[in-house]
Every structure is written in structure tokens, then in C-alpha cells.
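Two complexes are shown next, each including chain A; its partner changes from chain B in the first to chain C in the second.
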Partner chain A sequence: MRRALWVLAVLLSHWRRHKMQFATLLVGLIAATALWSGVQAINQQARTAYDRAAATFGGARTAMLVAPDAATFPQELYVKLRRAGWPVSPTLEGRVQVNGRSLRLLGIEPVTLPVEIGNAPRLGASDLSSFVAPPGQTLVAPETLSDLQEAEGASVPISNGAKLPPLRVLPHLAPGVLVVDIGVAQRLLNKPDQVSRLLIGQPKSKPAALASVVGDQLQRVEPTAETELERLTDSFHLNLTAFGLLSFFVGLFIVNSAVGLAFEQRLPMLRTLRACGASARLVNTVLVVELVALALVAGLIGLVCGYFIAAVLLSDVAASLRGLYGAQIPGQLSLRPEWWFAGIGISIAGALVAATTSLIKAIRMPVLTTAQPRAWQQRQRRWLVLQSLAACAVFAVGLLLLGYGQSLIAGFGLLAALMLGAALILPALLELLLLAGQRAARRPLALWFWADSRQQLSGLSLALMALLLALAVNVGVSTMVETFSRTFLGWLDGRLAADVYINASDNGQGVAIRNWLKERSDVQAVLSGGRADTQVQGQPVELLGLPDHALYRERWPLLEAAPQAWTRLVPGNAAFISEQLSRRLNVRIGDVIEVPAPGGNWELDIVGIYADYGNPKGQLTVNVAALIRQFPQTPQTRIGLIVAKENIPGLIGALQKQFALDDRSVADQATVKAESIRIFNRTFAVTSALNAFTLGVAGIALFTSLLTLANSRLPQLAPLWAIGITRPHLAAIELTKTLSVALFTALLAVPLGLLVAWCLIAIVNVKAFGWRLPFHIFPLQLVELVAVALVASMLAALLPVIRLARMQPANLVKVFANER
Partner chain B sequence: MSVDRISRRAFAGGIAALALARQAGAQGYAGLGEKADGFAKVTPGKLFAFPGDHGPHPEFRIEWWYLTANLVDFSGAACGLQWTLFRQAAQPGPQGEGWANQQVWMAHAAVTRADTHRFTEVFSRGGVGQAGVTAKPFDAWIDDWELKGFDSTDDRTLAPLALKASSTDFSYALTLEADRPVVLQGDRGYSRKSERGQASYYYSQPFYRARGTLTIDDKPVDVSGQAWMDREWSSQPLDADQTGWDWLSLHLASGDKLMLYRLRQKDGRDYPFGNWISAAGETQMIAGGDIQMVPKATAEVAGRKLPVEWQIAIPSRSLSILCKPLNPKAWMGTGFSYWEGPLSFAGTHDGVGYLELTGY
Partner chain C sequence: MLNIKNLSKTYSSAGEPVHVLRGVDLDLRAGERVALTGESGSGKSTLLHLIAGLDAADGGTIRLEDIEVTALSDAGRARLRRNRIGLVFQQFNLIPSLSVADNLAFQARIAERHDAAWTKELVERLGLGTLLKRYPEQLSGGQQQRVAIGRALAIKPSLLLADEPTGNLDEATAENVLALTRDLVTRTGCGFLMVTHSLHLAATLDRHLTLHAGRIA
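For the complex of A and B:
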């Protein structure tokens, strides 16, 4: 043991003399762990939130009985089923407006609520008595309470004047939901003796067949392990994970080069230790212990950094998920112990993997043989051939995925194949380029320049691969975001046709507002819309009712349309379909779609397809009068106005005053647009932030590789110095070399990045969101990125080059004196 | 001393708490000793009227329909079953409509053979029809469990009735017949519990002959035997210093019926009570000093030591018997847990019966 400690002390002394190297190693491990764990923390947070939502008193995790038309049904069916032995529990769901916010109201029956419902919030004995007995309770998540800006125990009125039972916080409840007793829900939603769903618990006996009890009035819906929300958001999290993984690998490149260098430099030390009698096993064990200890320390620091990264990004992620999918993620980061263990684990595993080659070399090292100077050329050729073959194989897999892949995973697989293949083939391409350069060179120094660059390639290639990937991802993501941004803004302009938007609290207020507006001379047109929810082929679908007005014909954007599309909408037997729904249902123009309506199925000819960016639900647009005929319950509360620009502020002020409307209930076009754009920008804030992080890590990788090389390459440079080439000249040559390979890499990253962008836009986006954007290239952005890459490379190369320029001649002379 | 055997089932006072607490796995006596403020009071001199009093009395806080049966199968092997429906009002006052109704219902069912004991429980809120009792035609139900009368059901005997209950691993269906009227307990049905005014209304039908099918693990067996039903309602059933009770209902081979129990107090003392019902249906209280109840052997069930074997003596009736359980493991691991199972006895008299042990 003492001996092991001494060996460890000797090994550690190396780091005291090479502080920069030590810092590099730690930075690599920290960067790898931090980004990976940060992304994992965000994903975990989101998944926990989905679980909370899904488990909230029988979300998608519970089998249930529903009416075929998704409408409410009489409670009597519940009693019939109970008396036939069915272990069912009723719930009633609806939406209510509280303090100007629309929230989900969920009525539950706690006595029959299946005990086995996942991690549904649990209530203690006395709590449940007060939940059921008047005045009852309204259970809310802590986030909802603070959103409502109410205190616990407050009795808050909803828009129809009725009061909610006193609010009570239940920590694990999903945000955005108000949970009350079913009796209270029936009263608040004005649905006496009505039920939305029956949750099915564990059967106590053998219940009678469903049809024999309720006929075809109810149908069974099996639980899904994966909720709708999880399915929708999968792509988003996959995206984050992909970024995290990329950063992790780039971090490992850094570790790899740092460990490699340390090993090279410690070779004489290891030999001395062995010669002094330390066994090979002891030395190797201590090497591994040292590495694991470093990984542990760096992993912990990395986790702390990861936590902060996650905390910083979380609000943007939450905004993105809410904007894109309506998913509610709490803004407060809470982490499970598994996360810490996984983070430390991945740091250690990563360090070991990155150090494998060096460790194997140490294990195999004969005691008394000196390290052989590398036979660069031979080894390199074989290695390049192998790597290029691997690249071809990976490309082939990518092509297969392109041809046959259907899923989102296949889309990401294609992306991964594309990037991995490009990274693998990069050294071969560089080698070819440098070989061409070498052939063209005439002067000895130039010849040496090219040959030396080739020799450097294997040492630099990992860093260059990292740079290539980071740049390509950057190009791809920036192109996609920019494309989306332009498309979105254009679409928004057309979509927000009216000048003022009003959302009345109920039908009565809607009528009052319309009557009041008729009297006003400053209102050019009143456009009444409506919205209803239904299900088509098991998918939640929103029906949007638009009035027949020239404004829509002129401005409302359609991607594809049958002739006379707007005119055909008016009679009420035709609809436009949103792009994502048309893909999900595989519906085209000319097809007929059947929509379940309260009065029976409603057949609609599809006459147009439109983009509906950012809407998690599928949407059908119909004539509003027809919508109200088919869905008489449709709230007629949405009103659009056409108003001359100068009259807008006055009109809004008058509306607010007359009807006590808040900012959420009446807004002008500019406000709505600004809000949409704000949400949109936040949506991609995370992507941009991760993008920048990745590029940063790639920069560090390049820097450390160069540092490593600079130290190991003294033997190559010393003879040049000895034959009379000045140190500044040598430094200039070094800088030129680095910049030229970096430039080539960056230039290669541009087409690769565009391919990545194409994959994202044409494959990943379509599968993940259901919309396809027109593909644009933004040359200025590309030039900018290449410039950034070059500057980053130059900064990375600068320190080693300066050190070279200032190197004491004595050090260069030592090369000839020392063994190596 | 007229603390009556209402305390035996006074735990029903905690139904509402129990029904609501089961998710938390909580147990407790919550509500047992609560004041009866706002609920109807139990006073002497009530004239029982049937069928009306077979039905619920929602103005009182708690009420139950409690049935136990001692049966044998075709091979002569003994078995027993229990079916109990409890009602509790969470709040006094006028009955709320629909879900606003304050009644909470709970039911227990169990079957016991020498080699197995199965039990289950269900809960329901009143007001929507999921559980309830009607007096005429008599029907007491919760989910698909039911104790139901026929057109021919006699209001005086509360017979014939059909009984059913089922769970994952057992079920039963019995018909119950009786030719003697129900028996009023205590002072013409007024059963005093303490000097402080606790009391209940209480009558029984101990003369049921039962016949039907008992199914355990999907194996149905024809069974027949005797059954005993208790009907009781009150608003404040239990003293705060009572810790539990040991209760027996005995079918003597002579056709006489004997009900015995002792109430245990916090201070370690216990008070025995009894009631002798002749084969003709006449009932007579037995003085506490005339009852000797001595636990003879204990069984360890569910981590508790339970006195499942009893030496009983009533010198005035020349009775001295040893009661042995059919299955010492008849533990009811329900939300409120207790021991309840069939027994047989021998000595000066032979017969079968049911034993209940609570508060252990």
C-alpha cells in the first residue's frame, strides 16, 4: 500500500510541473460531463412533468371508458357499471377561466379512484374528508398557485361567477390543472349528472361484458405507456440529447489528447519506476486509480456546472415546450439522486474510454526498451484506409435510412450517419489535399511544410473532426432556424388578418360586445370565429370556424388549394386541413374526412391545406356558421375586428373600459404578433445556446490538441531550427499550417452543414412537427461561420505558436541531448 | 351497567375516515368518540316499525347491516362467511342531492375455511345510487354486492333474502330463510351503552337458515347452515376510554342463541355483557357478574397476539364451554383491521358461532 502511494505521488508530481496540461484534462472532463448532465437534467425534468400530467388522477396511464363521440355521458351509466362489478371511477373535465387564465378543471371521485393509479397525488384521511365535504377543496400545483397569484385557502371566482372551493397546494400535481370533487365540477361546469370518462381500476371480481351493461354507449380506451405529450415532445428531447452527446464526445476528444500527451511525457518516469522495482501491475493499477480519481473530481465539478447550465436553459426549454406542444414544465429544477450517480458514472467511463489507448500502451510497455520514434507514415496510411472504409460503411447505412426509414429515429439516424461518416472521412480527404500540396511543392521548406502537415494529421485529426461536426451542426441548425424564422414571420403576417382580437369570457358577453361594436363607426368589420374540439381517428382535432370575408380570401395563407376553395367552404361541407394533420391522417385535397359531431358524423371535403406552425393539435378549418350548426355548444366568444390603424388604441381602451376585459382578452394585431415572435424566439434560444456551447467545446478540443502536438513535435522542429530557420519563422509556418487545415475543415463543414439542414427541414421536422419548410440558404451566415471557425482556430493555435516563438534555444538544443 | 354490544362494531364510526384514508393506508378510530351534535339522538321508548326500520336512518350518524353465517359443505366440512354494509353520515343536516350527499358506505365480505381465509372491502359515496338500502322491497347494495328481498319477503322475519358478494379470489350466493320474527335487543330495541347517554337502536335476526354456493378460487361448493344478522344505528356509539372488544355470537345445538362480549378499557379492566335468546325467540339479558370469559390460547396473526380460544361459563344457565376457532388466521386486513371468524364449541353445550376481536 505504501508503495502504491509512493508511485501515485511520483505520477502526480508530473501534473505539478505541467499545470496547463492538468487544466486541459480537467476542462475536457468537466465540459463533457457538464453538457451531457445539463441536457439530461432538462430531459429528466421534462419527463417528470409529463409523468405528473399523465398520472394526474388517471391521465393516459389508466385504462378508461369514454363515449364514442368524446362527449360527456350520463352518470347513470357509471352506477350501472359499478353495480355490474366494474371497478370504475368517474371524472368530469372542462375548462374554466380564472383571473383571465384558462385552466383545466378536473372533477374526481376520491372514494372509488383506483388506488393503483401511477403516482397520482395522494391525500391523507382528514384531507380527503375536507376535499369531499363542503366547501371542499381545489387542489393545484404550486406553480399554478403562483401563476394565479393567489394564496392558499383563497376562494377564487371563475368567469361564470361561481366560486372555486378554497385552493390547496398538492406538490406533485401537474401544473395548469384544478382538481375538485366531481360534484363540485358538475356544478361549476354546469353539467349536472354528467361524466367525461370512467377510469378503470383493478377488477375485484369478474364484471359483466361491457356491451351487456351499457350497450355501445361507451368504449374502452387502453392505457398507453407513452403519453401523447411524450410522443410529441420526443423529437425535442432527442434533439437535446443529440447535442449533449455531441458535446460529450467533443469533451472526450480533449481528454484523449491530454491523456495521450501526459503519457508520452511520463514514459521515462514510468520506466524509471519499473526499473526501481515497482511491478507492472502496481504501476498500471495506480495509473487507473489516478485517472478514476481525476474523473471523479472533474465529474463532480462537471455536475455542478451541468446543474447551472440546466437551470439557465430550463426557462427557455419550458417556454419552447409550452409554445410547441402546450406541455407544462415547472421552471424550478429538481433532480433525482440517479442523475448525480449517472453523471459521475459517465465521467469515469468517458475518462477510461478516452485513455484506453494510452493505458494499453503503458500496460504493454517493455521495461527497458526506449520508446520508439513513431513510424508515422506507415501507421497513418493503414489507419486512414481503415477509417475511410468505416466512413463508407456509415454512409451506406445513412443511404439505407434515407431510402427505407420512416420514423423520426430514422431521421436522426440519418443525421448521425451523415456526420459520423463525414468525420471519419475527413482525415483521408485532408491527407489527399496535403499530398497534392506536397507534390506541387518545389522548395525544400515548402516540401517540408506539406510533409510535416501530413505527419501531424493523426494527432490533429480528432480535434479537426470535432471542429467539423460542431461547425456542420452549427450551419445546419442556423440554416433551419433562419428558414423557420422567415417562413414563420411571413405566415404570421397572413394568419393575423384582423387588426384587433377579442376573447369574450362567455357567450353572453360575446353577444353584448358584438351589439356594442355594431354601434361604433370606427369598426369596419366584425369577424366572429369559433373553436371546437373533437377526435378524428383517435387524434385530438381542433375545429376552427372562420367567417366568410374577403380579408381571409386575400391574406390567409394556404399551402395548397383546390379551385374556388374559399367559396366551397361557405356551404359547410368542405374544410381546410392543417399540414401536420394532413400528414398524420394521410389526407390530401379531394379526400373526404368524417368528423364526429354531436348530431352524427360530419363529412367534409378537403379543399385546402395550410400551415399551422406551433400547434400541437391537428386542425380543420371550416365555415363558422356551419361549425355552430354542427357543434351547437361552440362558444361564440372569439371576435376579430377590422379597424383603421389610428383608431385601434381608442377602441381597445373603450372595450376594456366597457367590458372590463384584461390584456389577455383583447389585443391588437401588433401585440399578438410580438407575443408570437417572442415565443418563437425563445423556442430556439436553447438550440442556439447549445450550438454555441458545442462550438466552444470544439474550440477547446482544437486548442488542447495543438498544445499536445506542439510539445511532442519539438524533435521535428529542432533540426529545422538547427539548420538556421528562426523561431518566429517556424512559428509562422506552424500558424499557417493550422489555419490551412482548419480552413479546409470549415469549408468542408459548409456543404455538410447544408446537408444537415436539409435533413432537419425535410426529414426530422416533418416527422417531428408535421410541417415542411421551404429550403433556403443564407450565404452571409455561412461566411460568418467560416470566419468564426478560423478565428477560433487561430486563437487556439496562438498560444502554442507564441510559446514556440519564445522558446529558449536551450530547450531546442535539449532535443539533441535527450534520448528522444 | 348497560354498555351494549354496539361498541363491538363501533369502529363503523370511522367509515368515512376509512373510506377516504385507504389510499394513504391510514387506520384509525377517527370519529369514534365524536360528539353527536346535529345528529338525531337515540332515546328510549321508540316503537319499531317494519319494514321502515329495515331501511336506512340517515339522520343518525352510523348504521349497519351485519350478517355472519356458519355453514357446512356436502362433505360436512365447516366454513363461515361474513357480509357487512356500513353507512356513515359525514355531516348532519338535510340530505344532499347527488354527489353532495353526505353518506359514505363501506362493506366487508369474507369467507373462512379451516385452510383458508379470504376477505375484501369496498367503499362508495351515497346520493348517486352506487350504494344504498331500501326498506320495501328490502334491498341493501354496494356495487355488485347485494342483500335483497323478494316479493314474498315477510317484513316481520326479514326473510327470505338473497345474498351475494364477490372478490378476485372468492364469491358467494346464499338464500336466507327464517320463520321467527326479528328480535329486539336491549329494552325493546333501545340499547344503552353508558351512563353518559351513549345508546343505539338494535335488533337482530339470529334464526336464518342459509343455503347456497360458496366459490373459492373458481371452485364452487354447495353449502348450508345458520346465519345471524344484526341491525344497529346510533349517533355516538363509543366511550373514549374503550380500547376494544371480544365478541361472540353462538348458535346452540338446542336452537337457543347466545350473544356475549366483553369491552376492554384503557385501565386494563373489562366488562362482560350477554344476551340469551331462546329457541322460541324470547330474549333475556345476562348480568355481567354472571359471565366468565377467559382467553385460553392465543394465535399470532399479522404480527399481533390474539386470544382466539375462549373458556366461557354462565353459572346461572349451567353453561360451561370451550370455544375453538375454525381457522386461527381469520384476520381481516381491511382498512380497519380486526379478527373475525367462525368457531365451534363443546362442553355443557355444543354448537357453532362467530368470534370477533378488535383493538389488538
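For the complex of A and C:
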């Protein structure tokens, strides 16, 4: 043991004398762990929130009975089933407005609620009477209570004037949900004797067949491991994970470079250790122990950094998920022990992977190994050939995925293959370029420039690969975001056709507002819309009713349309379909789809396809009058107004005064647009932040590689200095070399990045969200990124170059004195 | 103390076998100081490496005291080196990240045979007292070689092997270093086998052997 400790002390003494190298290794490990665990922390936080939502008194994780073609059904069916021995419990669900916020109201029947369902056990028997007996209780999550800015025990009014039972916090309840007794819910939602679904508990004996009790009025829905929300948000989290993984690998490039260099520098030390009698097994074991110990320390620091990264990004991610999917993620980060263990594990595993080649070299190293530069060069050449062959194989896999892959995972697989293949082939391409330069060179210094660049390539190639990947991702993601931004803004201009939007609290207020508006001369047109929810082929679908008005014909953007599409919409037997729903249902123009409606199936000819960015649900647009005919329960609370610009503030003020509407219930187009753009920007704020992190880490990788290489460059540079090339001249040559290879890498990253953008736009986005954007190239952005890469490379090269320029001649003389 | 019989070693170079040692026989008594000379490529260093267990022989036996070196595993050879053999190389092979004091004590510490009084005596005899806190890169060649000799003798080895220890030193420094080594070898009573090109230095030891065409001439 003492022997091992002495060997460890000797190995560690290397770092004491090479502090910068030690810092590099730690920075690499910390960056890799921090970015990966930061992203994982965010994903875990979101998944915990989904679990809470799913576990709320029987979400999608509970088997249930629902009406096949209606949102609710009579309570009488529940009574029949209980009598027939079915262990069912009724729930009623709807939305209410509280303090200007729209919240989900969930009515439960706690006595029959199966104990194995969600939060039921937490509602203990002692609390049962206060929950059921008047005035009852409204159970809320701590986050919801704080969002409502209310205290526990408060009885809060909802928009129709009725009051909720006193609020009571139930920890672990999903945010954004109000849980009340089902009787209270029926009263508040004005749905007497109605039930949304029946949760099924564990039967004690075999109950009667469902059909024999309720016929075909109810159907059984089996529990799903993955909720609708999880399915919808999968792609978002996959995106984040992909970024985290990329940053992790870029971090590992730094570790690999630092460990590789440390190994090369410690070779004589290892040989001396062996010559002094330390066995190969002991030295190798201690090498691994040293690496694991370093990874442990760096992993812990990385986890703390990852926690802060997650905490900083969480608010943006939560806003994105709320904006895109309506998912409620608490803004407070809470992490499970698994996260810490996984973070440490990934740090150690990453360090071992990054150090594999060096460790294998150390394990196989014969004790009498001497320097064989030529043999080493030939090994490098063989390695280049193998790497290029591997790149071709990876590209072939990518082509297969492009041709035959159908899933989102295949899309990401294609992206990974593209980037991995490009990274693998980069050193070979650079080698060819530098070889061509060497062959074309005539003057001796130029010849040396190219030949020496080739020799330096192996030491720099990992850092250049990291730079290539980081730049390509930057080009790809920036192009995609910019394309999305422009398309989204253009689309928003068309979609937000009305000048003022009103959301009445109920139909009564809606009628009153419409009547009031008729008397106003400043209102040019009143556009009443409506929305209803249904299911088509098992997919949740939103029905959007639009009035027949010239404004929509002029401005509502359609991607594809049948002749006279708008005219065909008016009678009520035709619909436009959102792009994502058309892809999910595989529906084209001219197809017919059947929509389940209370009065029977509603057949709709598809006459147009439109973009509906940011909507997780599929949508069908129909004539509003037809929608109300088919779905009489459709709330007629949405009103759009055409108003001259100068009259908008006055009209909004008058509406607020007359109908006590708050800012959420009446807004002008500019406000709605600004809110949409704000959500859009926050959605991509995370992407931009991770983009910048990745580029930063790649910059560090290049810097550390150059810095560490600089130490072993003296034997190459000293002879040139000796024959009369000044140190500043040598420094300038070194800088030019770095900038040349960085420029070539950056130029290669541009087409690669555009390919990445194409994959994101044409494959990943389509699979993930269901919409396809037009592909645009933004040349100025590309020039900017190349310039950033060159500046980053110059900054990375500056310190080693300045050191060289200022190096004392004595240090260069030492090369010849064999005393280094 | 050291007994070598019919030792052979063949390397492969560019696909061709090179017979470096072709049946070397050698005996060395405790306290005896022997110089080994021979032209370049004659197998001097190879012989030294085989005795130290740095490399494995193809045939023949090496016996150091009661141990048959050629029968040992890699771990056994490492144990032998650690405890009984001191090695000095032309390139000094000091650990650049350790101070002179730590380099001196290094092998003795991993052999768990550190003797503070003996180390102190070595420091004094080798004239390293003022250099203990320095690092190898801050020393001259002669100083570095003195540290390397001190490290090798710190374990009080049975056998000290030196592979051209003065090859990187000027004549005066070389003589000085060798004189110190001879004294210390006498003080410890260990066997000493030195590979050298210098016939002048070889003449200063008890016995002079020449290796020619893979055999002791």
C-alpha cells in the first residue's frame, strides 16, 4: 500500500510541475460533467413534473372508462357500474379562470377513489370529512398557491362569480390543478350529474362485462407508461439531451488531449518507475486510481456547476415547455440523489473513455521503449487511414438512416452520423491539404511550414474535430432558428388577423359584449370564433371555428389549398387541417375525415393545409357556425375585432371598464404578437445558451491543445532559431499555422453546418413537431461564425505564441545541450 | 554473487533476426568492480538490461545471489530491481517533477528500505547537500548523474549496474563521478558492473571484460 502511495505521489508530482496541464484536464472534465448534468437536471425536473401531473388522482397512468365521443357522460352510468361490482371512481374535469389565470379544475370522489391511484393515500382519512363536508377544500400544489398570490384557507372567486372552497396545500400535487369534491366541481363547471371519466381500481372479484352494464356508452382506456405530455415533450428533451451529449463529448476531447499529452510527457517517468522496481501492474493500477480520483473531484465540481447551469436555464426551459406544450414545470430546482450519482459516474466513465488510448499504451508499454519518431509517424498514417475508413462507414450508416429511417431517433442518428463522420475524416482532409501545400512549396521556410504543420496535426486534430463539431452545430442551429424566426414572424402576421382579441368569461358575457360592440361606430367588424376539443383516430384534436370574412381569405396563410377552399368551408362540410395533424393522420387535400361529434360523426372534406407552429395538438379549422351546430356546447367566448389603429386604446379601455375585463381577457394584436414572440425567443434562449457553451468549450479545447503542444515544440523550433530565424518571426509562423488549419476547419464547418440545418429542418423538426420550414441560408451569419472561429483560434494561439516570442535564448540552447 | 551462463538474446530488425548475445558467461563476486567494453552494437546494454530484468533472455541463466533472474515473472523481476539492483543510465533518468531529495529517496521508499542515516551519508559523500530542494532541470549533467548514483545506492543494492554513466559528462566530471561511485561501492560492498566506451575509465576498475560478437572475449 505504501508502495502504491509513493508511486501515486510521484505521478501526482507531474501535475505540480505542470499546473496548466492539470487545469486543462480538470476544465475538460468539469465542462463535460457540468453541461451534461445541467441538461440532465433540467430533463429530470421536467419529468418529475410530468410524473406529478400523471399521478394526480389518476392521470394517464390509471385505467379508466371514458365516453367514446363526448367529453362527459351521465353520472347514472357510474351508479350502474358500482352496483355491478366495478371498483370505479368518478372524476369531472374542466377549466376555470382564477385571478386571471386559467387552471384545471378536477373534481374527485374521495371515498371511492382507489388507494393505489396517485395522490389518494396522501389524502388521509382524518382529512376526508373536511374535504367533503361544506364548505369543503380546494387542494392545490404549493407552486399554484404562490402563483395565485393567495394564502391557505382563502376562498377565491372564479370568473363566473362562484367561489372555490378554501384553499389547502397538498405537496406533490401537480402545479396548475385545483382538486375539489366532484359535487363542488359539477356546480362550479355547471355540469350537474356529469362525469368526465371513471377511474378503475383493483377489482376484488370479477365484475360483470362492461358492455352488459353500460352497452357501448363507455370504453375502457388502458393505462399508458408515457403520458400525452411526455410524448409531446419527448422531442424537446431529446434536443436538450443531444446538446448535452455534444458538449459532453467536446469536453472529453479536452480530457483526451490533456491526458494524452500528460502521458507522453510522463513516459520517461513511467520508465524510470519501472526501472526502479515498480511493477507494471502497480504503475498501471495507480495510473487508473489517479485518473478516477481526478474524475471524482472534477465530477463533484462539475455537478455543482451543472446545478447552477440548470438553475439559470430552468426558467427559460419552463417557459418554453409552458408556451409550447402547456406543461407546468416548477421554477425551483429539486434534484434526486440519482442525479448526483449519475453525474459522478459519467465523469469517471468519461475520463476513463477519454484516457483509454493512453492507458492502453501505458499498459502495453515495454519498459525499454525508446523514441522512434519515424515508426510513430507511420503508426499515425495507418491511424489516419483507419479513421477515414471508419468515417466512410459512419457516412454509409447515415445514408441508410436517411433512406430508411422513419423515427425521430433515426433523424438524430443521421445527424450524429453526419457529424461523427465529418469529425473522423477531418484529419485526413487536413493532411491532404497540407501535403498538397508541402508539394507545392519551393522556398525552404515554406516547405518547413507545411511539413511541420503536418507533424503538428496529430496533436491538434482532436481539438480541431471539437471545433468543427461546435461550429457545425452553431451554423446548423443558428440557420434553423433564424429560418424558424422569419417563418414564424411571417406566419404570425397572417394568423393574427384581427386588431383586438377578447376572451369573455362565459357565453352570457360573450353575448353582452357582442351586443355592446354593435353600438360602437369605431368597430369595423366583429369576428366571433370558437373552439372545441375532440379525438380523431385516437389523436387529440382541436376544432377551430372561424367566421366567413374576407380578412381571413386575404391573410390566413395556407400551405396547400383546393380551388375555392374558403368558399367550400362556409357550408360546414369542409375543413382545413394543420400541417402536423395532416402528417400524423396521413391526410392530404381531397381526403375525407370523420370527426366524432355529439350528434354523430361529422364528415369533413379536407380543402386546405395550414402551418400551425407551436401548437402541440392537431387542429382542424371549420366554419364557426357549423362548429356550433355540431358541437352546441362550444363556448362562444372568443371575439376578434377589426378596428382602426388609432381607436384601439380607447376601445380596449372602454371594454375593460364596461365588462371588468383584465389584461388577459382583452388585448390588442401587438400585445398578443409580442407575447408570442417572447415565448418563441425564450424557447430558443436555451438552445442559444447551449450553443455558446459548446463553442466556448471547443475554444478551450483548442487553447489547451495549443498550450500543451507548445511545450513539446521547442526541439522543432530551436534549430530554426539557431540558423537565424528570430523568435518573433517563429512566433508569427506558429500563429499563421494555427490560423490556417482553423480557417480550413471553419470553412469545412460551413457546408457541414448547412447539412445539419437541413437535417434539423427537413427531418428532425418534421418528426418532432410535424411541421416543415422553408430552407433559407443567411450568408452574413455564416461569415460572422467563420470570423468568430478565427478570433477564437487566434485568442487560443496567442498565449503560446507570446511565450515563444519572449522565450529566453537559454531555453532554446538547452535543446542542443540535451539538458531539458 | 552474479552468475551468468550461456546467455543468449536475439532481436528482430526489419524482419531479420539479430543475434545480440550468443552464449555469454560471466561471474562477478560481491564487492567486485567490473568494466564491460565493446564496440557499438556488441550487446553491452542488452546484457545489462537482461541482468536488471528489464528484458527477458531467450536462453541461458542469470543468477543473482540466491535468485534465478531468468526464471522470474515480470512482477518478480520488478521486485528484484526494487530491492537488490541499483541502475544508473547515461541519460540520468531522474523524475523531473521530483526534487533532488525526493529523487534520491525514491527507490528506497518504494522498496520500503529507506534509511535516513544512509541517505544523509550519500548526500554528503556525493556533495548534494546544497542541491536537495532543486529540480533535475536546475542541475548540471554531473550533478544529475550524482543524484542518479545516490538513488541507485540508497537501497544498498547487491549489484550496481551502470550503462555508460559518464557518457554525457566531460572528462574531469566523469572521473570525479566514477571515483565517487567506486568509493561508495566499496563502502556498501555491492558488486558493480559498468558498461563504458572509455578504456581509461575501464582501467580504474578491478576487472575489464570486452564483449565482442555477442560473447565475452
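Throughout what follows, the second predicted complex is superposed on the first by the 802 of 820 C-alpha atoms of A that agree within 3 Å, B and C clash if a C-alpha of one lies under 4 Å from a C-alpha of the other, contacts with A are read in each partner's own complex, and residues count from 1 in each chain.
By our rule, a residue touches a chain if its C-beta (ideal position, glycine included) is under 8 Å from a C-beta of that chain, and two chains touch if they have at least 3 such contacts.
Since the model is a prediction, treat every value here as computed from it, not as a measurement.
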In the overlay, answer first, second, both or neither for which of chain B and chain C A:269 touches. second
Check the residue A:13 against both partner chains and state whether it touches chain B (first), chain C (second), both, or neither. second
With the two structures laid over each other on chain A, which partner does A:132 touch: chain B (first), chain C (second), both, or neither? first
Please name the chain, chain B or chain C, that touches the greater number of residues in chain A. B
Classify the contacts of A:192 with the two partner chains as first (chain B alone), second (chain C alone), both, or neither. first
A:215 contacts which: chain B (first), chain C (second), both, neither? neither
On the A-aligned overlay, A:3 touches which partner chain: chain B = first, chain C = second, or both, or neither? second
With the two complexes superposed on chain A, say which partner A:538 touches: chain B (first), chain C (second), both, or neither. neither
Applying the document's definition of touch, where does A:278 land relative to chain B and chain C: first, second, both, or neither? second
Per the touch rule above, chain C residues touching chain A in the complex are 49, 52, 54-55, 74-75, 78-83, 85, 87, 89, 93-98, 102, 106-107, 109-112, 135, 137, 140-141, 151, 168
Going by the contact rule at the top, pick out the chain A residues touching chain B in the complex. 75-76, 78-79, 82-85, 109-113, 115, 122-126, 128-129, 131-134, 181-184, 186, 192-193, 203-207
Touch list for chain B against partner chain A, complex: 16-24, 26, 28, 30, 90-91, 98-100, 102, 104, 120, 122-125, 128-130, 141, 143-144, 166-168, 171
Residue positions on chain A within touch of chain C in the complex are 2-3, 6-7, 10, 13-14, 16-18, 268-269, 271-282, 367-368, 818-820
